[in-house]
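Consider the two complexes below, in which chain A is the common component and chain B and chain C are the respective partners.
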Partner chain A sequence: MLRRAAISCGVLLALLTAAPHVFGRTRPSYGGTLHVEIAGDPWQHGTGIARRMVMDGLTDFDAAGMLQSALAVNWKSDNNNHRWQFQLRPGVVFQDGTPLSAANVVAALNADCDGHCPWTAVRAVASSVVFTGEAAMPNLPALLASDEFLIALTVKPDGSTPGGNIGTGPFRLTGFTNGVLQLGANENCWRGRPFVDAVEIRVHRAVRDQWLDLSVGRADVVEIPPEMLRQALQQRLNVVAVQEAQLLELHADGTGALANPMLRGAIANAVDRAALADVIFQKQAEATASLLPENVSGYAFLFPTGRNMDEAHRIRGGLNAPPLLLSSDGGAAMQLAAQRIALNLKEAGFNVQTTAAASRHADLELHALPMESRNPADLLVLLIRASGEAAPQELSFASITGLYKTERDFLASHSVIPLLDLPRAYATGPRVRELKLGVDGAPDIAEASLEDAP
Partner chain B sequence: MSLRQRLLLLFSLTVAASVAAVAWTVLVRMRTVFEERDQQETALFVSQFQREFQTRSSEVAAAVGRLAGSDRARSMAFEIAQSGDAAQYVTAAQTMAQDAQLDFLEIVGPDGNVVSSAQWPARFGYPEAAVKAAPQTAFLKQEELPDGSTVLGLFAVRPIGNSAPSVVLIGGERLDRAFLGELPIAPGMTVGLYTLAGTGSEPGQAANASASAHFNAQQLIGVNGNLAGADRYAKLIESALTSGEQSSGILYLTSRREDSANVTAIPLKNESGHVLAVLTVALSRAGLVEAQKTIRTTAYGVAAAGILLAIIFSLWIAARVSRPIERLAQAAEDVAEGNWETRVPEEGPGEVEVLAQSFNHMTEQLKSQSEKLVQTERVAAWRELARRLAHELKNPLFPLQITVENLQRARALSAEEFDEVFRESTQTLSTEIANLKTIIGRFSDFSKMPKPELEHVDASKIVKRVFSLYSGGKENGKIEFKLELSGEPMPLEIDCELMHRALSNLVLNAMDAMTDGGTLTLAARPTESGVELRVSDTGEGLTPEECERLFTPYYTTKQHGTGLGLAIVQSVVADHKGTIAVESHMGSGATFIITLPRANR
Partner chain C sequence: MRHFGMAVIFVGMQLQFAWAAPEPWDGPAAKLAEQVAGIMGPGQVRLAVENRSTIAAGDVSAIRGLLEQDLKAHGITVSGAESANILQVTLSENARERLWVAEVVQGNETQVAMVTLPAVPATRTAHAGGVALLSETVLVTDKPVLGMIESGSGLVALEPEQIVYFLRWPNGWTPSAHSAIVQQRPMVRDPRGVLESVSGGFAAWLPGETCTGQTDSVAGAGSLIAQCAGSDDPWSIAEIGPVVTGGAQLKAFYNARRNFFTGVVTPSVGVELPPFYSAALVPRAVGGAALLVGGTDGKVQLVENNALRPVSGTRDWGSDFVSMTTGCGLGAQVIASSSGAAATDSLRAYELPALEAIPASAPLAMDGPVMAMWVGSDNKSVYVTVQRSADQYEVDRVTASCN
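And now, the complex of A and B:
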């Protein structure tokens, strides 16, 4: 809590630093080009910054993480949540002028989930999209708000395939040259035109270089990885951050060398979350053993986060596990975290090798999953789906007790081992006004404006 | 084996043995020289290695010392000591190690736990045992890496600041291929470094050397990577690991002798005396093997030339020595065969010439003695002949004399009585004169033995002929005749009439020996080189003395024999280049054995 308070103070301090600019101008200005620099891929599922700038979903989460309408204006369920019908927003057009139609949405959704959809069938009915499923889909509207189901034009009216990503979002793709992704304002966006005329996103830029560019004015928005948030605050950068924006989880493949749940249980007890949070992520992360953060569910404290080597040895017993492969995505901190976990597991009798690249043959995978919602049930479903596991058959979201039971039962298999709640933060330059982050830490570039815009 | 062959063999062996002895001596001496040179080079390399090691140790200690004295390190140590929060320095060691060009660097907090590790960044928070009893000088230490491998490093420990407990830096350089590459390696020398696999129970802890004595070829590296034939080093390295002492030996890296090396394994120990690694110094024996090959080839060439010279020399010696001796040997054989006219040239070196002269003198003496003996025997024979003639003639002459005297006295008797006496006397005279004729005829026959007229005939035929002649006689009713013939061919070149007479003579003698009856056996069988004819009786037999004198002319055991029968038989057999012998024991009969040479066709 103290740490969170410190971060909040930092954010407040940063805001106060910019106060003259904020209070000096009451209305944001239109125009200008916003320069953003990132270390990763702008189209990366889950964390790609450009995806939500170009594309929208049928539904969306607002700044508080609650569900709101987007391309669908309303929706209803029948047959005990086995059938859902989403009525499309009228008058919406794609960035190339193609009108949004139910057929376009169905084609985009089928392309998004590529056979691993939560529904059995989706079809266009007039100006609405109808989902049917063999299992109940009580949280389908929340799922459709996730980054996974953004709507992009897949087939033009003349039957041709469009080049590049074309969506209905506030920005349209205009080019990609010399490692810079260029986006222009979508004048016909159903949400309204964004404040800036263009956004240039320099990709695969090292964080140190991003900060250097920020300091000399070559960048307006740069990333702050969780492990560098403390340093950024110490350097008095203008930081916007969201605590508990991502869940760091260790996913154990239950079909291979770790098919035995006792081995997975030993791993869950052997991991030293405190060392990860305090050292690698510089006390900017919160150790957790539950999927939902404490401030969302209120029961996260019931899942012990401490390391218990005695329990790990007891559970493992005489079981011998073959050499394991642990893969991690993300930057240096994620790789260091993977190495630390491997070291923890070595003490518990496991022989673990780490790899920086995601591997299909990995027995363990270290992921950072976005927490896009603040609705407990929606977030739980989103996290379970993002972790790659099948949702539990018996879902009980009616009460907090039922929710706890569902999560507890799910975690009992130790296929998904929650480790940390991670923040997500950006630093902005002095020109930037009103850059806000979603609950998952994604920047809302459309709402940002520039001080020196003409 | 002839003298010439013996001389050739002797000379060849002498030359070959001499060459072999010289070659062996040279090879042994050369190997000793090479081994001494290898030992000197190894000792020199070890000395240079120790100097390089000391230099590296000083450099590492200095580098770590400079880092510990830097403002950055002092500031960090102060911050850690003041706030107790070391988390912000979790990646500091990597940057500092990079700046100081160290392969290993760990920042260890006052509590003895790792604050930051350059070689294993995830090892923060774990205790670092090496700092507790670290010496002032650099020391060897095995460092475990995140991938599970273990590397050997030269480490130094330096505290930051003077107060205790303090933050400590432990940094080092890797002893690897690059380190080996900087050593002064002489041509033909191969240097390797064997490091033990980590077996520490805690991550990053030093390996327990004694528990890792089992050889693993992957852990032996050379300047250019893994050493060729690394498996062959196993015994030496394991010996050095277990004993902690330097061990040496010759290793054959491949099946080729040129790929062998004199290898010395030098254990590298840490401060507590545990062996952490083994430095191998291999000096190629290619030069030695090449030189040995050259010497062997030369020795073979010299030996071959020597043997050739020995052949030539032996031929020359043969011409000078062995040939006269061979001539002497041949002449001796001729003399042995009765050719007493044989002479050898009186030439040759020294004793050989004297020997030839002596041989010729000997043969002359032999011839002279032989002629004297012949003359003596001839006189003796004439005397014996005269004695026998006198004896044979005396017997009929005495009745003749008595008869003539009776006739002279009968003239005084009446005519009728005179006629009676005259008739009896003339009858007696006729009888005795006939006896004289018979005696003279026998002597005439003995002196007129005809020359054999040889013809090809099987021995069985001549034996069967004699058997059929005598076996059917009525006067031989008490004697049983047996014929024993071999089924194999027994070809002979003989005069059938003479041989028939000889066999008949033996059969008649046998019949005379069995007056009371018995068994007479005629047999013929082939031998290795001829044909054997046997005439056996079951009479009283002969005494050894009789056997010896049996074939002497005019010797007889019969009351009215002339003693010429068996002499004639022996003469016939000798004329056919055969031999005759007798086997007899008293009371068990006698067997006469004629052995004749087998006909060629």
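And now, the complex of A and C:
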């Protein structure tokens, strides 16, 4: 609790700007081009900044992380959540003018999950989309709000395949030249035209170069990785941040060398979360052993976060594990975190090699999962799916106690080992007025406007 | 003046304490004790209570006392270190509610029980000075209220996608009926609207849409009937009232795809206006009224004698202002929100004896940014919609008193 308080103080300035409602308000003005720089891929699933600028889902999470309607205006379930029917919003068109129809939503959804869908079948029925599942799908509306199920046009009315991503979102793709993705305002966006006329996203730009560009006015919005948040505040950058935006988790493949749950349990006890938070992420992360953060569930303290080597040795007993491969996605900090975990596990008797790129053959994978919702049951289901695991068959979300038991039982297999709650932050230049972040730290570029807009 | 402000703040703190004091701990303590009894049955237990929540430290001992009493009623005696059973109670909370967690440790087995409690309602403070501005919360909603009027026995509120009729119940204003507004074109991201009383009911203007309706009609008390249709008719500029000579309504055309008025008004004011966010009629000392216009370029100008003249002293103004009759000072003041450069949003009264806005009150701090502002039907109060959080708005009624 004291550590959390210290972190809160440390990023107080950032969080003040993250709260969308602190400053006085001048109405946003229309026009201008916003310049954004990022280190990664703008179309990457989960964190790609361009995805939600161009595409919408059937449902969505609002700024408070609660479910709201999007391309679907309402939905209902039958047959004990084995069948769901989503009624489409009328009058919506894709950015090329193609009307949104149930048929192209079905085609997009099938392309999104490519056989690994949470439903058994999806079909178009007049202006609605019907999902059926062999298993109950109590949280399907929330799943459909995730980044995974955004709707892109897959086939044009003339039967041709679109050249790039065409969605119903506030921006349309206009070009990609010299490492800069160009997007223009979608005048016919059903949610309203964005305030800026255009956005240019310079991709694969090193963070140091992003900050330099911000300082000389070449960039308006740049990234701040968690490990550089403290430095950004010291440099008095104008920071917007969300403290518990991502969950850093270690995924243990339960089918290979770590098929024995005792080995996975030993790993969970051997990882030193506090060192990861303090050293790798410069005290800007919060150690966690639960999927849901404390401010979502209120019971995260029931999952102890401390390293317990005695317990790790006890659980492992005489079991031997072959050499393990640990892969990590993300930047340098993620690779350092992976190396630190490998050292922790070595002290518990495991021989772990690390690799920077995601590997199909990895026994352990380090991921940062976006926390897109603030509804406990929805977020739990989203995180379990994002981790690659199947949701428990028996979900009991009717009470907080049921939710706790579901989470506890899921984590007991140690296939998913929560490590840290990570912040997500951006710095903005003086032209930018009111950049808001979602609860997962994703910037809402459509709501941003420029001071010097014409 | 400084002393007055401090005194009012102190009163605000007193109110906060007054609101926070009566916490209903009895119910949750009884429920948790019942669950614990269901787990362990009668016996002895070592009780520890930890507070991880915003509950005041002074209340924790009272909660412990209630727990001991309720456990005893179920045959569980809280004992000293001699008991093998341990009951660890943690007073926790999340962003929505409070959560009390009981961990019952019996040997190597730990079982958990939980009860939830509603979060404490948000409190707010207000302070004023000079012409003293006072604020009270009228409504709390999950969508922004763009305009509100008294109608029949209740309040009609205009939201971006519906009109809602509220009736007063002992626990406050409660929605009685609503009418959805089906937008004819894509919504705008900074929704605005105007709602006013007309003969026999109300009229509402939204971007590209007009509505008329009535309350408590033949459908019965508490009912609401509204009809909406696509329209680019000019909007009535709200604060036309007793300050206007001649009684003509000034209307302005709104850009339905943006968030501002085009600058075209009817009847003509004799000069070409720039696109503007807000306009207010300000009574002049020599009689009549002048039109104050807040342009989309941030400039505030006054239309007087067929000329458009810049007004100084408005650098701190936000995009929203109205004119209100207070009877103080010059008799009427402009109430303006603060600019985006301010640390918190606030309202402040100004007087315009000439072409300079002179502060007539201390800033009245708001709980969040001002999303909409309109003058009350009595022209002596201002209603303000403030965004408290991402999905919560409050409508405040602001009045003035003379010092």
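In this text, the second predicted complex is superposed on the first by the 429 of 454 C-alpha atoms of A that agree within 3 Å, B and C clash if a C-alpha of one lies under 4 Å from a C-alpha of the other, contacts with A are read in each partner's own complex, and residues count from 1 in each chain.
Following the convention adopted for this analysis, a contact is a pair of C-beta atoms (placed from the backbone, for glycine too) under 8 Å apart; a residue touches a chain by one contact, two chains touch by 3 or more.
The shown structure was predicted, so the numbers you read here are calculated from the model rather than taken from an experiment.
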Three-chain arrangement built on chain A, chain B and chain C clash or fit: fit
Contacts of A:260 with chain B and chain C, given as first, second, both or neither: neither
Spatial angle chain C-chain A-chain B, Cα centroids [nearest 10 degrees]: 160
Which of chain B and chain C A:278 touches, first, second, both or neither: first
Superposition-derived comparison: chain B or chain C, residues of chain A touched: C
First (chain B), second (chain C), both or neither touched by A:351: first
Touching partner for A:340 - first (chain B), second (chain C), both, neither: first
Partner chain(s) touched by A:74 [first = chain B, second = chain C, both, neither]: neither
Which of chain B and chain C A:230 touches, first, second, both or neither: first
Touching partner for A:320 - first (chain B), second (chain C), both, neither: neither
After superposition on chain A, the shortest CA separation from chain B to chain C (Å): 26
Complex contact set, residues of chain C against chain A: 52, 90, 92-95, 97-99, 101, 103, 112-114, 116, 186-190, 257-260, 277, 296, 298, 318-320, 337-346, 368-371, 387-391
Chain A to chain B touching residues, read off their complex: 230-231, 275, 278-280, 282-283, 336, 339-340, 342-343, 346-347, 351, 353-354
Residues on chain A engaged by chain C in the complex (per definition of touch): 1, 20-30, 62-64, 66, 187-195, 294-299, 301-302, 374, 376, 399-401, 404, 433-434, 446-447
Complex contacts: residues of chain B adjacent to chain A: 87-88, 90-91, 120-126, 146-148, 202-203
